[in-house]
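Two complexes, one shared chain (subunit A), two partners (subunit B, subunit C).
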Partner chain A sequence: MPMASISPFLDQLWIARFVILKGLGATVSISLLAIIVGSLLGVLVGLALVYGNRILRLIVRAYTDFIRGTPVLVLVLASYYVLSTVGIELGPFQAGVLALAVFCSSHVGEIVRGGLQAIPVGQTEAAKAIGLTFGQTFAYVLWPQALRQFLPAWVNTAAEMVKASTLLSVIGVAELLLRTQEIISRNFMSLQFYFFAGLLYFVINYGIERFGKYVERKTAVPS
Partner chain B sequence: MTISLRTSALSLATAFVLSAMPAAAQEAKSRLDEVLSRGHLVMGTGSTNAPWHFKSADDKLQGFDIDMGRIVAKALFGDPDKIEFVNQSSDARIPNITTDKVDLTCQFMTVTGERAQQVAFTIPYYREGVGLMLKSDGKYADYAALKAAGSSVTVSVLQNVYAESMVHAALPEATVDQYESVDLIYQALESGRADTVATDQSSLAWYMTQNSGRYKDAGYGWNPQSYACGVKRGDQDWLNFVNTALHEAMTGVEFDFYAKSYKTWFGKDLTPPQIGFPVEYK
Partner chain C sequence: MGYTLNFAAVWRSFDQLLEGLLLSLGLAFVSIAIGAALGLLVAFALTSKSGWVQRPAALYVTIIRNLPILVLVLFAFFALPQLGVRLGKIQSFIGVLSIYSGAYLAEVFRAGLLSIQKGLTEAGLAIGLTPTQIRVSIITPLMLRNVLPSLSSTIISLFKDTSLAAAIAVPELTFEARKINVESFRVIETWLVASGLYVATCSVLAALMRVVERRLAVPR
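Let's look at the complex of A and B:
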């Protein structure tokens, strides 16, 4: 960026500061809600895939495959338009969060399933042998090990949700990208403002990555 | 089911449907009544295309499309501000009408036969054309120079199924580069990826006013098209109302409102309609 163009950009950035903050706030809250709801739902999906009976497994497997095989944009449009045709009227924000949470749940479900199934059967057998119930086995033996397995993949999924939140601009959610485009349509400083938005997305995802690393450290087996 | 049973079941069903029909017809209210009882208009539009619909520095929607909505709100409630804007992408213009998310969409929607099968168009409120913009200090002086240069000219244009044929109608041999948003087609010209921008003359006029001296019009316009608002099909009362509001803004009591908006966004003064014989029948 040439020096001459930095000063007008900073002027425009100052004018647009609240608009950018609003967009950033929307992106962070959409992503956080989608990640939290999606992860909770995903853990249930994962548990159902590993411990459910045959019928439950079949249903949840179909759900996971169907959602994972559908582009996020289609999920976003479906939750906004299709649901309203059956009488469920969701606003753009709610519909967007729902779509992302559902998408997140299918991915987290598979991650949880993989994490749990990676634990050797011997562990469960040993737990049974020392008289632990299934609940105790799960809480003290299986879950802590699985958690360590799936943290890195979970961080990736969370970062994906932040990126996917940009798709919600299609249904009119004023998140960071749409806010940035609104600013650009007024001052036409596309390169500068897209670069700045990119920087903010990086900061959010870097934050998620650091959080993941922190949890990894906390849950690591003491050596 | 025996034949007689089936017949009586059918006649019973027919009687039921027939008896229900007058009641249904009475109950089917127009969107006009719904909007009036709600107390504000819900209009679908965008927020990223100057001078049609875009945000001011203090985050307020403004532009010519926005003013068309205000004209309708004023006709409804005597107050141009009784309006709730639903922010939508261009792709959402028709779905948001057909799924009742909005009462009306005014978003530089080009009237086409194909779209008219899905939504009902109001009367047009603007006549658009495509123009070519060049850099003032660029390689090409005007339209004639662009045309003479043939295939060595690259044109940046908004993504559209008609984009290629639209550009080739003016510059048959030119290379066409399509971009997703308006700022990107300008960026392509600015960065030298394109030699000229082909887009709506209204947008070009706005951009050249904002960046005085840096760009010039190549001096050629083509591809006429009409912009109209859209409403859901099958509600003649509502369509008539919006048509009346727009029509009277262009030719009647609200002319000053329309003319002021026109001046703001296109920089031109309109000649007031003549008193006497109605303009429509000339």
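Let's look at the complex of A and C:
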């Protein structure tokens, strides 16, 4: 980039500062909402996959396989267009967040399932032997160990959600990427502003990645 | 609700969806092949002892893995022309997905390389092979066998990323589905069939990878 083009870019960046901040705010709230709703749903999915009876397991397995086999963009588009067709009036924001939360739930579900299944059966047997009920076994023996297993993977999923939030721009949700496109359509500085948006996404995700590494160290079983 | 499913419009345009799926598979195949070659080189660089080799490779992987692919796709198609790099939409998307695949596959391969015992390299040196010969004929084949399970899920996830080509109007499956959706208003039917095609393709890919895995399993 020639030096001469830096100064006009900074001028444009200053003009667009509130637009970018608004977009950033939307990106953060979309990601947070999707992670919270998706994780709650995902824990239920994971529990159903491990402890459900045969029929429940079959249904939940079909749900996760279907969601995991479909690209997130298709989930977002389908959620936006299908829900309005069947008379559920959701704006693009709600429909998009719903799609991301569903996507998140399938990932978290698999993570929870993996975490729970990685615990040796002997632990449950030992708990039974000392007279714990299933609820107690779960709360005091299984869940804490599973949590330690899946926290790092869960933090990764959070970074995935931030990246996936860009897809909501396609259905017109004014998050960071769509705001950036709006700015570019006014000043035609596509190189500079896409680069800047990329930088912001990188900073957020790199922060989450570092946090994930930290959690991994903190929760590692001392050896 | 009062909505009756009617797949007629979707079946009429089913050829379009299949052509889109074929293009999706083509995009995935070419990009992942380039990405795998790139990823292998980067993985060797990542495990190199020399900081001059290791650091740039680590930088590339960190940058790409922390960027949303949609930003990369839009950047390559709309911003690169400002630097005089003008690519068609298909070439530009393949370029992006290759670079993106390269970073993810490099991580998969790196984990595989770390799992290979040093004794093999030493044995290769002892029988007079050059380091390159050792990498090509001993380490890489063994590493590939070891990483097949995680390779399979990475490949499937990369295949799903071809849907983002729709954002720059590449006529792959998602783009075709959107077109049929707009033309026919059979919203539910279109998205059901499109997702069904993606899910089916992913299952076939997963099954194929499992067969390869079983065939190549290291005998115990």
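Operating definition for what follows: the second predicted complex is superposed on the first by the 205 of 223 C-alpha atoms of A that agree within 3 Å, B and C clash if a C-alpha of one lies under 4 Å from a C-alpha of the other, contacts with A are read in each partner's own complex, and residues count from 1 in each chain.
Keep in mind that, in the parts below, a residue touches a chain if its C-beta (ideal position, glycine included) is under 8 Å from a C-beta of that chain, and two chains touch if they have at least 3 such contacts.
The structure presented is a predicted model; accordingly, all values stated were derived computationally and were not measured.
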item: Side-by-side fit of subunit B and subunit C on subunit A, or clash; value: clash
item: Partner chain in contact with A:Ser185 - subunit B first, subunit C second, else both or neither; value: first
item: Touching partner for A:Phe195 - first (subunit B), second (subunit C), both, neither; value: second
item: Subunit B versus subunit C as contact partner of A:Tyr81, first or second or both or neither; value: both
item: Which superposed partner A:Phe134 touches (first subunit B, second subunit C, both, neither); value: neither
item: Which of subunit B and subunit C A:Val19 touches, first, second, both or neither; value: first
item: Partner chain(s) touched by A:Gly69 [first = subunit B, second = subunit C, both, neither]; value: second
item: Touched partner set for A:Ala174, first subunit B, second subunit C, both or neither; value: first
item: Comparison of subunit B and subunit C by subunit A residues contacted; value: C
item: Which of subunit B and subunit C A:Tyr51 touches, first, second, both or neither; value: neither
item: On subunit A, the residue positions that both subunit B and subunit C contact, one per complex; value: 81, 85, 169-170, 181, 184, 190-191
item: Interfacial residue positions of subunit A with respect to subunit C in the complex; value: 65-66, 68-75, 77-78, 81-82, 85-87, 159, 162-167, 169-170, 177, 181, 184, 190-191, 194-195, 197-198, 201-202, 205-206, 209
item: Residue ranges of subunit B in contact with subunit A within the complex; value: 47-50, 54-57, 59, 86-89, 91-92, 95, 99-101, 181-184, 186-187, 207, 210-211
item: Of subunit A, residues touching subunit B in the complex; value: 15-16, 18-19, 22, 81, 84-85, 92, 169-172, 174, 178, 181-186, 188, 190-191
item: Subunit A partner contacts - residues on subunit C that touch it in the complex; value: 1, 3, 62-63, 65-72, 74-75, 78-80, 82-83, 160-164, 166-167, 174, 177-178, 181, 187-188, 191, 194-195, 198-203
